[in-house]
Amino acid sequence: MYELGVVKRHIVRADRAATDQLARYGASTVHEAMGRVGLMKPYMRPIYAGARISGSAVTVLLHPGDNWMMHVVAEQIQPGDIVVAAVTAECSDGYFGDLLATSFMARGARGLVIDAGCRDVRDLTEMGFPVWSRAISSKGTIKATLGSVNIPVVCAGALVHPGDVVVADDDGVVVVPAAAAVATADAAAKREANEGAKRAKLAAGVLGLDMYQMREPLAQAGLRYID
Amino acid sequence: MYELGVVKRHIVRADRAATDQLARYGASTVHEAMGRVGLMKPYMRPIYAGARISGSAVTVLLHPGDNWMMHVVAEQIQPGDIVVAAVTAECSDGYFGDLLATSFMARGARGLVIDAGCRDVRDLTEMGFPVWSRAISSKGTIKATLGSVNIPVVCAGALVHPGDVVVADDDGVVVVPAAAAVATADAAAKREANEGAKRAKLAAGVLGLDMYQMREPLAQAGLRYID
Amino acid sequence: MYELGVVKRHIVRADRAATDQLARYGASTVHEAMGRVGLMKPYMRPIYAGARISGSAVTVLLHPGDNWMMHVVAEQIQPGDIVVAAVTAECSDGYFGDLLATSFMARGARGLVIDAGCRDVRDLTEMGFPVWSRAISSKGTIKATLGSVNIPVVCAGALVHPGDVVVADDDGVVVVPAAAAVATADAAAKREANEGAKRAKLAAGVLGLDMYQMREPLAQAGLRYID
Amino acid sequence: MYELGVVKRHIVRADRAATDQLARYGASTVHEAMGRVGLMKPYMRPIYAGARISGSAVTVLLHPGDNWMMHVVAEQIQPGDIVVAAVTAECSDGYFGDLLATSFMARGARGLVIDAGCRDVRDLTEMGFPVWSRAISSKGTIKATLGSVNIPVVCAGALVHPGDVVVADDDGVVVVPAAAAVATADAAAKREANEGAKRAKLAAGVLGLDMYQMREPLAQAGLRYID
Amino acid sequence: MYELGVVKRHIVRADRAATDQLARYGASTVHEAMGRVGLMKPYMRPIYAGARISGSAVTVLLHPGDNWMMHVVAEQIQPGDIVVAAVTAECSDGYFGDLLATSFMARGARGLVIDAGCRDVRDLTEMGFPVWSRAISSKGTIKATLGSVNIPVVCAGALVHPGDVVVADDDGVVVVPAAAAVATADAAAKREANEGAKRAKLAAGVLGLDMYQMREPLAQAGLRYID
Amino acid sequence: MYELGVVKRHIVRADRAATDQLARYGASTVHEAMGRVGLMKPYMRPIYAGARISGSAVTVLLHPGDNWMMHVVAEQIQPGDIVVAAVTAECSDGYFGDLLATSFMARGARGLVIDAGCRDVRDLTEMGFPVWSRAISSKGTIKATLGSVNIPVVCAGALVHPGDVVVADDDGVVVVPAAAAVATADAAAKREANEGAKRAKLAAGVLGLDMYQMREPLAQAGLRYID
């Protein structure tokens, strides 16, 4: 892992139908469906509200203050991909702006997830190219050191293999291993199917205490009601 | 304080008229009217801009990663209440989403203030249910450990007794002790009545230096003008 | 530097045309045009999205929890100025609200950059008075201790002399030394002129790898493509 | 609560024997004995390692950058007390140094817990006067605004009433309500009595899995062993 | 990855000689020898200064506020191991104290690396059991939810497979993949052999500018000397 | 300011006697003597306790992850200097270790103040070379981009001109402008001369309330004593 100076050209992307379907449920439902693993740290925030995407991870490992490999990864993007960029040390520099976004969009990328900074956020918002990042910063970067493309990376605390599914929205970013994409999509669909009925009951005033039959276990745990 | 496993059913809510009136002035004016105490830490941010509410505090003490008591507190909500949720240790997990919000709305809650994370923020925004939280996170929670409902809690650095008034808007969250609600509403009303005239003067170009008669005390403190 | 209790009345503002022109390019392009120096820390965020301004810096040095000098600096504002407020220690208090904003606007200020907190953000948004700050907080301030006006200050990690140009937008805040304003405006204009052609090429699918002729230096650095 | 400008002279201190006894067990054992409540945030750190104290809380509420009330609280100290200092907003200024420590020691204080900064830490270390603080900073403070002494305060997230017991060591700071001091000391003593036998078993190689009989509940929860 | 409720009993540990040898060079030299990858975030700090260890990683995945699996992992420890504990969300609770340390030591563990909190640090220091953690906290944990043992985990931003080598000292924590242990030990040995001669030259006043022949590339890059 | 690629060879160092004398008083007293300005942010911490130094600032501006200029600055060090290193963006990388320290010591440097990371802290501690830094990190750096030497820099929020006096100890780092060195040394000496008598009085039980004659102004401000 973490071999530097390597670009892997052929990666196995997760099942396309499942990959696309996962956007429908959003990061929180997918995260539950996976058993509450695979979530990036909550410091990863979208540059604008309302985007909800899923796609195949194309990964890139960067060095602090150096975005050379962002140009290398651009060539490996296929339509439907989401670029996931990790950095070898904490850095808030603005690695990505409207020019790179233009290039990524031309290649068919659906978005960028970067554990560093982003800039030109007004332009990116107008272009409708969503980015999840740890910072917004005008600080540009140099092009001096090799990283790698399409190796496994740790991005914002989550392990991402190339080809994994990334689901991102206002709640955060979740990574679904490629092998688990179909099962996770099924599980998420089931969760969501269940939620409609629950929502209706709760809206009608039924309490979760009753709907989930919590009163007895709460009493057994020792809950006491006083006046 | 901080007895675990207890739900207090009957609490004394602050004067209803004063409680409702306080939303009119907003958190900053109310905070001034109280003598600059009772403010939660500024890391508490609304999940969407523009909400401004006041209501009676219904409190809940939670454990890290465990939202069991959120279902218990739901039953204690009365129309006009705001739920204030504290956690026994720092935690960014998403304790609250659209299902709980549906239940809280059905009970008449005006909003939630939680010193932890929140999720489903797109849904909550569409539902118009405002939440002030320290984080947004897809990370779900378990239901294993008892906390308490309607005991005094420390939430984001502020002490909140059940029945106190909570005032929350884009500037933050302020807690008004129940016994001080009427006096605070009066003081806030007076502050606001004064502000109109001041605002007009300042808009006309009168300086605060003159309007507040600061020139003499500044000179006495030693202020020197140079070229 | 940092003499306390001093107000400098006559400052030399940077070339007006260049000052005004710089807003056109935005913080990120200006920062690049300057050679990547002069940027404030990325924790400085606008209170609402979409503002993009440039103007002449009028500086003020404050003490923690004390906004007395904000009234003193108001008198030194000329149309087209941006007030830059530094604090002698980290503080998140809300030094600035709608009344001061009314006064600043009446004097012709274009905005405020403050390494502390701001409040009344809903009102400021409605008034269209942009503020870049490190925090939003209802916490008010006292008026007890002298700072200074129009001395050089360090604000969010950037040195600002009175009369320097400040450029601020959604990407952050950049400071251009007065003597460099014209040259920076020229350099920024050239950068932007170049970007149109580049953007068109990238949008057409040309890769940065080819457009910037990176393939050879990458190979020389040892980049390897594998399957 | 939080009335400003008030000094309460007569407070009821917790049982002296229990207060003194609690230092023996340390913050972590006492926190467990209380049911895991009453802990200050872990950002509170001792200025030197190895101190372990307990004492009666004498409280003071300060304003950012203003230590006037530290001189007022000094007069209220009795032998065996620990001063607990809260601030109305986050502040890292150095409110406390060797002169105040000399005064506090002369009054019989055992230490200081302050949700702000401290300075002269080399002198304080040599004097053997322990301080738990959120920061170390040379930044001095002014004397301009009234706070209060011996009112309930929230310090680093914990509610402290004057007279409560404070237990502080390398693990952190715990607050025991005065009414719970004797019971907590008993519970802590029991915990510690139990720990000796457990420690011996564990040192002999017995696993917690067996000593606490966890194998069955783990299996019931679904734990699987694989090769 | 991240399957919950699983304990892998048989793991392949990296070459023992190389594993033991790596402690000699320390985290910084090993990190360089690996090509500057594999470093945990710098927020991971030792609870006392001066420890320098290497060992085989035994991994455990925990939930926030729940240390049940710490007892499960204890059974999997072999002499020479270092336990690496990851948590599914950020948490500062004190998962580990003197009792668990007694058990870990009895099993032959050399230390603990935990992306959460630790307590009883005075006892651990006296016992000489080193811990690298993100926090120190008296806050205890519950035993309610299954995690896993000996699965790959992301700890403080670094991917750790069971059997990898962990090197930890005052500079931080580095992870060496098992397959790279021997080569890394060789590379580190070479680095260190070179350093003696360099150190002697530098101590004698030779400049790095000359020793590393930097003057020409600096001049080519455009460095100018002025008076 | 902030011209890149420039090394200024001849700088005017502050008065040597005053520079050396300032270490005697320490950062906190010097900071007070200067009127409470010139302090670096409190996140700057010494790598070991107990060092107290003063010296002439030799400055260097670095880029994130790039320590090339550290070798350039080494040549400009004269006996009695302290190197002050600023970075153009936030970075925790370990720019400085035992080899550079050997070189700096050979040139007569008294210490390093760096707004980034440092490594080999065990070696540096043994060598007795004190460093104040924002982080400790094994992460090495590259040598690719020019910064500057002996230009004014902003380091941890403080403006530092080459030749200014730096005073650093356990309380933090203070910068005294060269022109103010003598006056500041005099003022600090006076402060310290006064402190002995005050300390004796306080140790004898005299209260600050009486020694500083605070009772009347406190009463005038409205302080009330209650029972």
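Some notes on this structure:
Order of writing sets the labels: A, B, C, D, E and F. Residues in every chain begin at 1.
The working rule: contacts are C-beta pairs under 8 Å (C-beta built on N, C-alpha and C of every residue); 3 or more make two chains touch, one makes a residue touch a chain.
Just so it is clear, the structure is predicted and the values come from calculations on it, not from any experiment.
With steps allowed only between chains in touch, the distance from subunit B over to subunit E comes to 1. Look at the contact of subunit B with subunit C and you find different residues on each copy: under half of the numbers used there are shared. Centres computed as Cα averages put subunit C at a distance of 42 Å from subunit D. Spacing of subunit D relative to subunit E, judged by their CA centroids, is 31 angstrom.
With touch defined as above, residues shared between interfaces to two or more other chains in subunit A number as follows: 36, 39, 42, 88-90, 92, 137, 139, 145.
Inter-chain contacts occur between A-B, A-C, A-E, A-F, B-C, B-D, B-E, C-D, C-F, D-E, D-F, E-F. The touching residues of subunit B, counted against subunit E in their complex, run 63-66, 88-93, 137, 139, 142, 144-145.
Interface residues of subunit C, counted against subunit A in their complex, comprise 26-28, 30-32, 36, 39, 42, 45, 49-50, 52, 169-172, 174, 195, 198-199, 202-205, 207-209, 212, 214, 218, 221-227. Considering their complex, residues 1-2, 4, 35-39, 41-42, 88-90, 152, 154, 157-159, 177 of subunit F touch subunit C.
Contacts from subunit D toward subunit F in the complex involve residues 5-10, 48, 68, 70-72, 74-75, 92, 94, 97-100, 102-103, 105-107, 117, 119-122, 125, 135-140, 143, 145-146.
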